[in-house]
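The next part holds the structures, each set out as structure tokens.
Each of the two complexes below includes chain A, the first together with chain B, the second together with chain C.
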Partner chain A sequence: METGRETAIRDNDLSRRGPTPAAIARRYRASQRLKAVAGLIGLCLLLWILTPHFLTVANALNVMEQTSINAIVAVGMTFVIISGGIDLSVGSLVALSGVVLASALKSGWPIPLALAAGLGVGAATGLLNGVVIAFGRLPPFIMTLGMMSVARGAALLVTDGRPISGFDAGFRSIATGRVFGVPAPIVLTLAIYAVAHFVLSRTRFGRYVYGIGGNEEATRLSGVNVRFHKTMVYVVSGVTSAIAAVLLTARLNTAQPIAGIMYELDAIAAVVIGGTSLSGGEGNLGGTLIGALTMGVLRNGLNLLGVSSFLQQLVIGMVIIVAVLVDVLVKEKRA
Partner chain B sequence: MIDHAPGTPVLEMRGIRKVFPGVVALDGVDFDLRAGEVHVLLGENGAGKSTLMKILSGAYTKDAGDVFIDGAPVSIGSPRDAQSLGIATIYQELSLVPQLTVAENILLGHEPSRAGVIDRAAMRDAARRSLAEVGLDLDPDRRLDRLGIAEQQMVEVAKALFRRARVLVMDEPTSALTAREIDRLFDVIRRVTAAGVAVVYISHRMRELAEIGTRVTVLRDGRAVGTFPLPETSFDALIRLMANREVRDHFPRRRCKAGDELLRLEHVSGPSGAPRVDDVSLTVCRGEIVGLAGLLGAGRTELARLVFGADRPSSGRVVVSGRDVTPKTPRQAIAAGIGFLPEDRKRHGLVLMRSVGENIGLPSLARWSRAGVVSGRTEHETAERWVTELRIKTPTVAERVVRLSGGTQQKVVLARWLAADASLLVMDEPTRGVDVGAKVEIYELMNRLTDAGAGILMISSELPEVLGMSDRIYVMRHGRIQAEIDAASASEERVLQAALGLAS
Partner chain C sequence: MMMKIRRTQRPQRPQRKVFSEACARVALVIKRRKISFAVLAAFAFFVVGCNRGGDTTTSTAKPRVALVLKTLNSPFFNDMQRGAQAAATRLNVDLVVQAAEREIDVERQMQIIENVLQTGVKALCLTPSGSREVVPAVVKANRANIPVVIVDTRLDKAAADEAGAKIVSFIGSDNYEGGRIAAKFIVDISRATNGKANVAVLEGIPGHETGDSRLRGFKDGIKDTPGVRIVASQPANWERDQGFNVFQNTLQAHPEIDTLFACNDMMALGAIEAIRAAGKTGSIRVVGFDAVEDARKAIKDGTMLGSVAQFPDEMGRLAVENAVHAIKGEPVEADAKVRIELITKENVK
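Let's look at the complex of A and B:
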């Protein structure tokens, strides 16, 4: 006796032999990326219609420059989220790295040494996050939530709560300089994305990050040193936060212990709008860059339209919710 | 409360059939249950006991057949339906909320309330009454996680009685209990059956049958092969019934001559904390398939994990090709040439949302990279080669593993270890959840691997598979090796007797 269900199962199996599922999978993944790009382009078109100031070279460069800091923080966040974790301490790390860098510069350290100090603090704090999460088995949410407060407190202690301002032009050129006419922050951001993309897609470390986020136990049983690589993910996040701090300090010509508040949320939003799954194992940096740009364009457009900053908050929040909701619904439909 | 004279059938199941892709789990099973009896369901792993009970409890829907309660046909489409018909299941993993109190658990979803506020006094009273029915003197305000497993189980029975259950299904209720706790549980069972409740009792422990059972039904290969009164029926007769079956012909059985020793375990125990494996010594030779038989919970998977370094042994040595490697991590085991195919591929084997190629390459990336950069070409070519070699049915190596069938996924795990040059494969239930065609293919691959000099330690709960594929069989029971049997002299009866702890 054969039930209809059995026949259905068999037919289903037959269809596996054709090339169709792969094609569908490829098309789907391409469409995921396209959807984010399409959203960004649609947003740009809308703003172009609404305001003449939007689509000018000057404004485009302006948006990208303003986006660069969130975009850089979001690089580390992408690593962390793909590995199945979260890093809430990035905003405080921006502040802490910034004030350490600024104090070093103020004490007359040569620029390379001061940069090393700033980046070193970021890396060390990330290392601490990673070690406690990977070896102490503390949930990433808790550890980085605690670190958010610890790093903020440290930044306030170092500066006694006061901003540190006034650096020489050599240092500020990191933010104000141009490379072949393109603002340096944009060049720096693209360079970081290129390197990070290579690391994520072509190196062993990158593979393991996807493996750990997708199925930690299976990855461990494949002989991967999960704890080490998990730790390194948070080091990456600490370093990218510190790079963002360099850029922020150079641009504003000041380092504030209260800088970077809410940066973690902007970074998470960029990653998630870019199609990276919060449950880990999936995602890529191309998406994150588009996500960061979308946030930047939205903010810029709302400014140009003269929307009040209160309303801006509200609109941006809703855009994040809708973007992820659409993603979830599409995925559910496919499953 | 229950107006049934003992002896009347409360429940009848007629011609129950259930098909899973590639397997007929139940093939027209008849089963009936009388008020006040303890009806034991007996059968090997995979004989269909759990499937039958899951249909009864609404977890699965049947493909054919009828269920009657008090002679009237009923349809059980969901666990809710089963509950409203008075059918309650006590699972091996208890379905209580550990953080709530005893009373809160018993009345969960049925809390007495006044104007939306829970009436705690009424709740306590109701709980106390249900507890008294099972003869349990417990403070209803104790948090459940403060109780032992046995008491929790009894709370679950009390909860079922509170819901006016007339049919109680108990799936291996004694597996985690001590002898004294078992006595108490049996007291509870006697008490509820005296009140007219009917109990379906699933257990592998033959000695319990005689003590508590009224009747026994033996299931084999998804069929009910007979129902007998207890305790009159002999264990030997029951074991013969459980095991006896037509020899299947789809094992590409092949004798190998054992070469030199590949794996030797010397007095391995562990892991510390939960010592499930107790002083195990065994050997696997090159070119040999060694079967590891035993009941669920006998410690086979735990042993496999120790060999692979997934858990750390508390004592003993793991020797591979004469070298003491006793792995502390999977990494060290892999370096020693060991590969592991876990029982639960989806949880422990595969990164489902990643590609076939990535899954195959995972343990080998270190060898395929220079300065941390993976050679995409080596990775791609190796994956391609094994996909072709093992006839892995995937459109491309870039396909996500989650989209492949169970058998194909298993071959991906196998390909991973072949790509990593493993010479000793530890396979935990290598054909579970695999359709028949892929099963035969996996058997053939196992033979080809051993031809090429590999050794395989195969855990299997399917006796025909153990007997058909193994050159030698170890039978485990309670974490120990109970018997070593040569394939030539092995029979299902001998293996089963050893697994059940009965002298042969």
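Let's look at the complex of A and C:
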């Protein structure tokens, strides 16, 4: 049976058996994107019909701004999931990086230094995740589940359970500023996606991430330092969580130790709606961005329609299930 | 090394293969679309169905008022919603009620506020999930010239002043006073016996204005009675299951506890189960806050001694009334206090 993993491997030139039908993988990815885009456009059309408030410039910017935090967390999650892993600690990492950043700002550190501290904590925690997973051979689910609690506890300890708030306008402009009329969070998100997409699709590291997720053993046998690259994947996830924390802290003008609860599930949802397979080896960031936007548009639309909040959860859950179900059915047909 | 750029090599393919691949691709796309459209159609029907079922989308010329609550899975906010809805019907207002899934999800509440501001609401009533965090959203409403009525939890004064956030009215009960009332009740009971009480406290989410005020009121209320002292004080984050666990642990550490003050009824009710599990029912006095329905039942049963009642339905009513005053440009009471009272076996309904 032809599976996405094998095609991904061959596309990566990691296995040289026979001719490389890179086109199959490319065609598959293109169709994946098409499906996700079609879903998003369909959703937008639907909302445009149902409410006059949906398709306005103000609301479009609004949705993108709200989506930015989940979208950024989902970047790291995409790397991790393509590599065949999972990172459940991102929500807690958002909280921990946020409170470290906030404490640094509050104790009078200059903004660049405080940002470095926040991002450093994210990277270091990600590194710890990666090292234990890659070298200690702990399943990613277990390690990051543990880290989810460790990082949350650390965030609560650092702050004594209390939110830290009140930063100067210079820092807040990360969330409130505008670049040529476009809210800064949107610009930041797009920039991160551009860089991450380049890394994932055009660098050796990116190729190895697909390789590790597709067939770790084959990747190792072809001379790739699997452990090192696997570790780096979790560092990427830690850093993107920390960037999201910067944005969240600036947006709320507060860092809360209880922030980011369930962010891991939102990020995973964005990744899988975007067509990335939880079994690893396939997927792309374009899909993840669309997945995150789909979640954002859905929440926004349900708010605009005034649908009860209980029904909102039900609808969002169903959309996730249906999106992935369609994915699976399509793959079966193809095989 | 790892960032070195490399182009993917593609082998040349014969012409015929390209053609067949193109055909396959088209076929694939067509198949896929059918599925997507079927999914979308199903979703469309579902949403339209939901929408009809909802109680909030009458599109008439009535002024639209938004009520953004902390959550809807709490009897307190359900009562508030009911009171607001009744007032809205009476005053001919189109009321939109929205809330985040979880009470502590401030970011989500902020998104909801931003979203409802897009729907042409004429006024916003809000129970802030975080007294500092929602300030930027209030500023957004100010910019759109939408009057804001804050209900139940005050905005943090420093944060609001600094951001220039303006509200037309605050409606709430005096939580500090409520804490004092609970303290006085416990002091009076202990006087009737030996004048002593070893009190455990279950706190709300740390940093929440509501819980902090209740606790401050309570502490001030027992200050002058040396026999009544707090032996343990732990947060259980407003939740029933956490109330159970935290109090079970507290009882392990402090078997001398004979009185519990919980900053809301949910935690108190959880703790009552923990007391039952420990076989100490009747030997620990429990005082809660909010007097929700389950707590009233527990007071009737005698498992709970008292609960400080707030009147969320009145808060909801006043919120909508004040919002309507603000829309009409009429004067609005800037600080409206809703009555508060202690419910015990004598006056429970």
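Assorted remarks:
Keep in mind that, in the parts below, the second predicted complex is superposed on the first by the 306 of 335 C-alpha atoms of A that agree within 3 Å, B and C clash if a C-alpha of one lies under 4 Å from a C-alpha of the other, contacts with A are read in each partner's own complex, and residues count from 1 in each chain.
Convention: a contact is a pair of C-beta atoms (placed from the backbone, for glycine too) under 8 Å apart; a residue touches a chain by one contact, two chains touch by 3 or more.
Please read all numbers here as calculations on a predicted model, not as lab measurements.
Using the contact criterion defined above for the overlaid structures, shared-chain residue A:Val319 touches chain C, although it does not reach chain B.
Contacts of A:Gly223 after superposition on the shared chain: chain B is touched, whereas chain C is not. When the shared chain is aligned, chain C comes close enough to touch A:Ala38, but chain B does not.
After overlaying the two complexes on the shared chain, residue contacts for A:Phe205 are found with chain B and with chain C alike. Set against each other, chain B and chain C touch different numbers of residues in chain A, with C touching more. When the two structures are aligned on the shared chain, A:Leu311 is found in touch with chain C, with no touch to chain B.
Contacts of A:Ala259 after superposition: chain C is touched, whereas chain B is not reached. Residues common to the contacts of chain A with chain B and with chain C across the two structures: 13, 19-20, 22-23, 202-205, 207-208.
Taken together, the chain A residues at the contact with chain B in this complex read 1, 3, 5-6, 9, 13, 16-23, 25-26, 202-205, 207-208, 210-211, 214-215, 217-225, 281-282.
Against chain C, in their complex, chain A makes its touches with residues 11-13, 19-20, 22-23, 27, 31, 34-35, 38-39, 42-43, 46, 50-51, 53, 56, 58-59, 62, 66, 69, 160-163, 165-166, 176, 199, 202-205, 207-208, 229, 232, 248, 251-254, 256, 258-259, 261-262, 299-300, 302-313, 315, 318-319, 322-323, 326, 329-330, 333-334. Chain B meets chain A in the complex at residues 19, 21, 63-64, 308, 310, 329-331, 333-335, 340, 342, 347-354, 358, 361-363, 365-366, 369, 372-374, 376, 393-396, 398-400, 403-405, 416, 420. Within the complex formed with chain A, the residues of chain C that make contact are 1-6, 8-11, 13, 21, 24-25, 28-29, 31-33, 35-37, 39-40, 42-44, 46-48, 50-51, 53-57, 71-73, 96-102, 104-107, 110-112, 114-116, 118-120, 130, 132-133, 135-136, 156, 158-159, 162-163, 205-207, 235.
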